[in-house]
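The data blocks that follow each hold one structure.
Each of the next two complexes has subunit A plus one more chain, namely subunit B in the first and subunit C in the second.
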Partner chain A sequence: MNADECMETIKLTSRGGDSFELPYAAARLAHVVRDANDENDDGDIDSPEDVEILKVNSPCLEKVVEFLKHYHEEALTEIKTPLEDNTFEGNVKQEWYQNFLKGIDQPMLFDLVTAANFMAIQPLLDLTCLKVSCQLMGKSAEEIRQILNIPKLTPEEEETARRDHRWIFDD
Partner chain B sequence: MSRPKKPRLLEEKADTHVGGDDNAVIERSSATVDDLSAEMKAIIFGYFGPTEIMCLRCVCKKWREAAKKTIVPQAPFSVSTIDTYNAMRVMTRAIPNLQRLSILYLENFGNIFDDGEDPNIREAYKTASYTSHDIQIISRFSKLRSLDLFQASMNGRYPFLFTSFPLLQKLGIGLCDYLKFDLAMSMLAGFPLLKELEITHSPFITGKINSLRVLKDTLEKVHIESCLVRGNFMVLADFPHMRELHLIDVAVTGDVRDIGENDFPHLEQLSLPKGVVGGTDHKFLRISDVPEVMQAIYRLKDRVLSYYEWDSLWLSLSDQSPDWYDDCISSELQLHPPFSVELVQAGARHAPWMEMVWTSYTGTISHSCVGTASCEINWLDPEPDRESSDYENYEQKLHQLEQEVNFYRGYLQPPTEEEYYRICRGFIDRS
Partner chain C sequence: MSTLQQQQPPCTAMPPQSAASSIGSCFSNLDDFDLDVQNLPNVANCKVSCDCCSLCRLPEVSEAGDISAAEILSGNGTIATTCGTSMLPDLPTSPRQESTADKALMRGAAGLLQKLSNHDKPSDRLSPVYWQPTVNSPLVPLSITIPRARIGPGSKGKALICDAAEASALSTSIDNTDYFNTFLPDDALCSIFKFLDVKSLLRMCECNTKLRSAASNNNAGWSNHCSSLWSRKANVCSRATSLLAQASNHSRSNLCLTKNIAMEAYKTSVVDAATRNEVSLEELCYDESPFKGGPIWSFRFKESAGSDWTSWDPWWSGKQARKLVFLRDGSIMQLQPEGKTAPCRIHNGVPLYDVFSERIVHRDGVDVIPPRIELKWRFVHRPLDLPARPEGAYIRITVGGRDVPTYVVRRSPNGNWGFILESCWGIYASFDLAPRGSVSSSTASRRRLRRTRNGTRWVNVDDSDIEDPDQDGRDHTRNVRRRTDLFVEESEMVVTGHSQWREALLYNIGAVALPDGNNANAEQERRQFNLVWRNSRMMR
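Right, the complex of A and B next:
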C-alpha cells in the first residue's frame, strides 16, 4: 500500500501515556513514524502501527499532532533565506502557522524545537527555529548573555573576541 | 484483517541533545536557546547573515561550536578592505560553511592578494612593494555556492579556484585585469553543479567555448564578455536548461541561421557578438545573405524574449564586401547607398508584425540633406486585423515610417550600383 494514500489512523503516545490519534498520511511527515513503520524508500508500508514517543511530554505532543494534521491539509511554504524581514510574521505569511506559535511560552517553544528535532519533522523544526531566531534578532552578544544568564567572557576571551571582530566592534 | 497493532518503543537513536548549561537553572529539558544542542543552534543561526552569526558566536564557547556548524545563508559578504579581509580570515575557521562570497579590490592602496602562478611580470614588478595577502584561504570555504571575483587585485593563475568548491553554483569574474586561466574542460569539471557562469572584462581569460560542454546538464546562465574566448556558439545549442546566453565582444563565431527549432529549448535571453552572422553589429559580406538572416532573427524573436535589444538591432554591409559601392560624388552629397538593415516594429511591443527597412549607411547625416534615405519596408508579418485594438498604433507608426522613405522610394532592396549612381545624378540635376 502507498503510505501517502493510507487512510488509516494511528496513535502517537507521549511520555505521560496520553495518546493522540491522527491519519497515518499526516503522521508520516515525522521520519520517526516512517522508520517505526519500516516504510521503504518507495513509500510502501503494510499496515500502519502506533508509535510511542517517549521523549516528548503530553502538552508538547498534542501541539505536534496539531501541526502534523494541519500540515497535511496546508503545507508550510518554504522559508527563504536570507530572511526578507526581521519579524516572524514577515517571513511566515500563512495565518495558521503565525497563530500556531502565538502565545506559547518559552519552555513550550524549546520543547517543540527539541521534539521536532527528535521526531525528525523538518518543517516544524524550520518554523520553531525561525521563531527563536526572530527573538534573538537585533540583540548583541552581551544582551544575549544577560538574558540567558550566561557568564561573562573572561578578559582574555574578551580580547580574542575583540581582535577577531574588530570590523564588528567598529573601533 | 490487519495485524494487532503493537506500540513500538523508540530507542534513543539519532538524538543529538546536549545537556543543559551548568550555570543555568533548568527545570525542563530545554528552557532556553542555550540548552539546545549545537546542531539545533546551528539551524537557528542559519536564519542570520554572516556578520550576525559572527556576533552570535561571541556569546560563549558553545555558541562558537554552533556557529562552526551553521550553514550560512546566501546573504552577501564582500571583501574589499583590509578589515573585511581580516574578518574573512577569522570566518574561514569560525563559519567555514559560508555559501556566498565576493572578493573585490583591496581598498587601501598598497595592498594586493598574493600573486598566483605565472603572473604578469610588469604588474608584479609594479606591485612588488605592496603588502600581499593570502587569497588561498578562501579554499577553506568548501561549501561555497556563489563566488564573485570583481576587480580583485589578483595576478596570475590560481588553480585552487577550480578544485576547492565542488558545490559552486555561481561563478562570476569581472574586471580582473591580470587573473589568468584558460577555459578547459578539466577545470570546469571541478564545478559539477555550476548553473551560472559570468566572465567579463578580464583580458587574460582565454579558451574555447567548447569547454563549457562539460557543464551541459547544469548551466542555466552564461555571460562571457570582453575576454579572449573563441569557438562556435552552436556547441551550446543542446544545453537543456540554458535560459540566458550573452556572448558579447568575444571572438565567438557562428550563424543565427543554424539555430533550429529544437536548439536552445529554454532560451529567454540571447546576445551574440559581431563574429556571428546576425549577431550585434555584424557586418555582412553578401547582401544576398540578408533576407534569410533577418527571417532567422525574426523566428528567434518569437521564442526568445530578448534577443539583445530587438528594437536597436542594426546590421550593416562590410566595406570589404564585393557588393559594396560608394564614390566621391555620393560621399560629398552624403547620399550613401542603403547598406544597413534595421528591424522596426509597428504597434505594441512584441506585436507580431514587423518590417525590414533598408536605411542609409549614415542615416543620421543624411537627415540634413534629404531626410532619411530609407528604402521601402519589407514586412515580415501580415497586416494586422483592422478590428484589432492595436490597429491605430500600427497605422500611426506606419505613417511615420512611410514619411521616412524618401530618397530610395520604390526600392525594396538596395539599388544596383548603376541605379544608385542614376538616382544620385537625378538628385544633383533636380537641385
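Right, the complex of A and C next:
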C-alpha cells in the first residue's frame, strides 16, 4: 500500500520506554521511521512496524509526536532565507506552530532540536532552529555565551577571532 | 621503593614484580575500584598513553542500557584514571571541549584531585590513591573512590563526575541550563546558524572553538549570504565567485579543505570591494570571453564638458545614457544607438557601433552625418598631477586621435561595488546611471551659484547679473540658462577641472598626446608638460 495513505498506526517508543501512537502516514515525515520500515522508492510499504527512538526522552518524544500529528493535518509553511524578520512570530505566521514552542524551556527546546536532527524531521528542525536563532540574533558574544551557557575563549583566542573578522565589523 | 598511598603521599618506588598483590594490599576494599587487578602488569613499566593495562586504558563510558555502562555504575561509581603521567594533568579550562565523554571523565577526575582539600564535609571528600616512584617524584594518581552520590545522573546515560562546587558553577546561566545536556552536534548547530545574518554568524565565531567551527561551515548558510549580497552588487570579483563555485562542487575527498570556503568567498568579495580600486581587463572589456558579453558601461558628459558635447548627449536630453563597451584591441564601441546607423562589428551575435555614430549635424539647412569619431583606450600609470597607482587605476581615452583628460578609476560611492571612470569632462559607470531629473534628497536643497561679472555678488547660476532687470533693458548676464535639475550625484564627483587643469589646458590648446610617466616625478612631469605645451603652441 502507499505509505502516504496508510492510516495504520504505529508506536514510537522513547528512551524511557514510553510509547506514543500515531498514524504511520504522519510518522513517516521522520526519515528514521521511514528507514526503519524500509519503504521502497515508490513509497509503498507492506505493514508498518513500531520504532524505538532510544535517543529521545519521553517528554521530548511526546512533543515530537504532537508535531508530527499536526503537520499531517496542516503543513508548516517553508521558512525562507534570508529571514524577513528578526522575530520568530514574524517568520512563522501559522498560529499553531507559533504556540507549539511557547512556554517550553531552553533544555526542552534544545532537546527538540537534537531530536529533530536525529529523527531527520526537517520541518521540526527548521522550526526549532529558527526559534533558537531568533534568540541569538543581534546578540554580543558574551550574551550568546550566557544563553547557551558556554565558557569563554581565552583572551588570545578571542582577540584572534575578532581580528579575523574585523573585515565585517569595520563596515 | 614506592608504595601506594591512600590520601597521603609520599610513596616509594614499586618493585619490578606483579603489582596486583602490592596494590591489593594497600586497599581495604578492592570493590572500591574497577581495576582488573588480576591482570595488572608491572606498573613501573607503564608509560604515558600506553594501552597495556586497565590502568592506562581510559575507562569506557556508554549509554544507559549498555552492559558496560551498567557495570561501571553498578558499584560505588569508582572510576580509574590513567597512570604513567609524571604530572597531574592541567585543570581543564572547558571540559565541554572534550570530544568524548570518557576523556572528559578522565580530565575531570584528574582535576578534581586538586580540589580534595577544599571540601569540609567528609561525605564530599574523595579518596585518591597515589603512586610515587621515588621520594622526590611527583605524585601519580592511580585511582579515586568517588561516593556514588557525587556522580550526577548524566545525560542520556553518560556518567558524569560532578564536583558539587564545579557543577554549580558550570550550571550558572540565565536559565540554569546544564550545558552537558544541551550540547548540540555540529549539523544541528549549522541548522540553527543558517537563519542568522552575517554579523550574528561572526559573533558566534567569537564565542568558542566549537561554535566557531560550526558557524564557519558552508552549511551555516554562507552560500545564501553570498547570493543575497551579490545580487545587489554591480561587480563581484572573479576570485570570490570561483570560491563559491568550489563550495557548491566540493567532493567528499576534499571536504576538509572546502568546508569553510563559502565564508571565504563572502569575505573575499567584501574585502576586495573595500580595498581594490583598480579595474581588471575582465572587468573592463566586453569581449574578454568569446562566448559571452562582458561589462557594459554607461557614459555621459559632465556639465563642465560644455554644451557642444552635452547638447547631443542623450542623458542630458532625459534619455538613457549611452551604452559603451571597451574591447581588447583598444577600441571603444557603442551598443544600441538611437537613429539609423550601421554596425561596425559583431561580438557574440551582438552588433557594435561607432561611438556617437547616431548624431546628425545640421549644415546649410541639411542634416549630414558627420565624420566617424574613433575612440581608443589604454591603461596609463601616472597621469599629470595624479599619484602613481597600479595598472587599471587610470584609463586614457583618445577621441578622434587626441588624448582627452585621464579617466580615474574608483569604486562607485553608492556602495554597489561598481566602478566609476571619471574625468573632469565625462563619466563612465559599470552600472546604469540614474536618469537625469532624479534628484537625490541630499542635493535637492542645494543651490548652484556663480559670481556676477563684476565679481561683487553671488547669484543663482541661471539668474541674471542685474539685480533688477527692469531697470536696464540690456541683459548683462554672461550665461543664461533655464534652471535644470541638478547633476545627479554631483556632490560625489571628485575629478574636476581643478584637479586635472593641466591636462584640460593641454587638450584645449590642441595637444594631441597627453603626458604619461611610469615613474614620473615632479621634475619629469614639469618637463613633459612644458614639452607638450610648446608643441601645442607651435602647432597653433
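In this text, the second predicted complex is superposed on the first by the 159 of 171 C-alpha atoms of A that agree within 3 Å, B and C clash if a C-alpha of one lies under 4 Å from a C-alpha of the other, contacts with A are read in each partner's own complex, and residues count from 1 in each chain.
By our rule, a contact is a pair of C-beta atoms (placed from the backbone, for glycine too) under 8 Å apart; a residue touches a chain by one contact, two chains touch by 3 or more.
Just so we're clear, the structure is a prediction, and the values are computed from it rather than from any experiment.
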| item | value |
| --- | --- |
| Three-chain arrangement built on subunit A, subunit B and subunit C clash or fit | clash |
| Which of subunit B and subunit C A:Gly17 touches, first, second, both or neither | neither |
| First, second, both or neither for A:Asp105, with subunit B first and subunit C second | second |
| Partner chain(s) touched by A:Thr114 [first = subunit B, second = subunit C, both, neither] | both |
| Contacts of A:Arg145 with subunit B and subunit C, given as first, second, both or neither | both |
| Touching partner for A:Thr154 - first (subunit B), second (subunit C), both, neither | second |
| Touching partner for A:Leu136 - first (subunit B), second (subunit C), both, neither | both |
| Subunit A residues contacted in one complex by subunit B, in the other by subunit C | 54-55, 79, 81-83, 106-107, 110-111, 113-114, 117, 125-126, 129-130, 132-134, 136-137, 140-141, 144-145, 148-151, 153, 161, 164-165, 167-168 |
| Complex contacts: residues of subunit B adjacent to subunit A | 2-3, 5-10, 12, 14-17, 21, 23-25, 27-37, 39-40, 43-49, 51-52, 54-56, 58-60, 73-75, 83-84, 86-87, 90, 94 |
| Subunit A contact footprint on subunit C (complex, rising order) | 63-65, 93-94, 96, 156, 170-175, 177-179, 181-182, 184-185, 187-188, 191-200, 202-212, 221, 224-225, 228, 267, 270-271, 274 |
| For the subunit A and subunit B complex, residues of the former touching the latter | 8, 10-11, 13, 32, 36, 46-47, 49-55, 79, 81-83, 106-107, 110-111, 113-114, 117-118, 120, 125-126, 129-130, 132-137, 140-141, 144-145, 148-151, 153, 161, 164-168 |
| Touching residues (chain side subunit A, partner subunit C) in the complex | 15, 54-55, 57, 79, 81-83, 105-107, 110-111, 113-114, 117, 125-126, 129-130, 132-134, 136-141, 144-154, 157-158, 161-162, 164-165, 167-169, 171 |
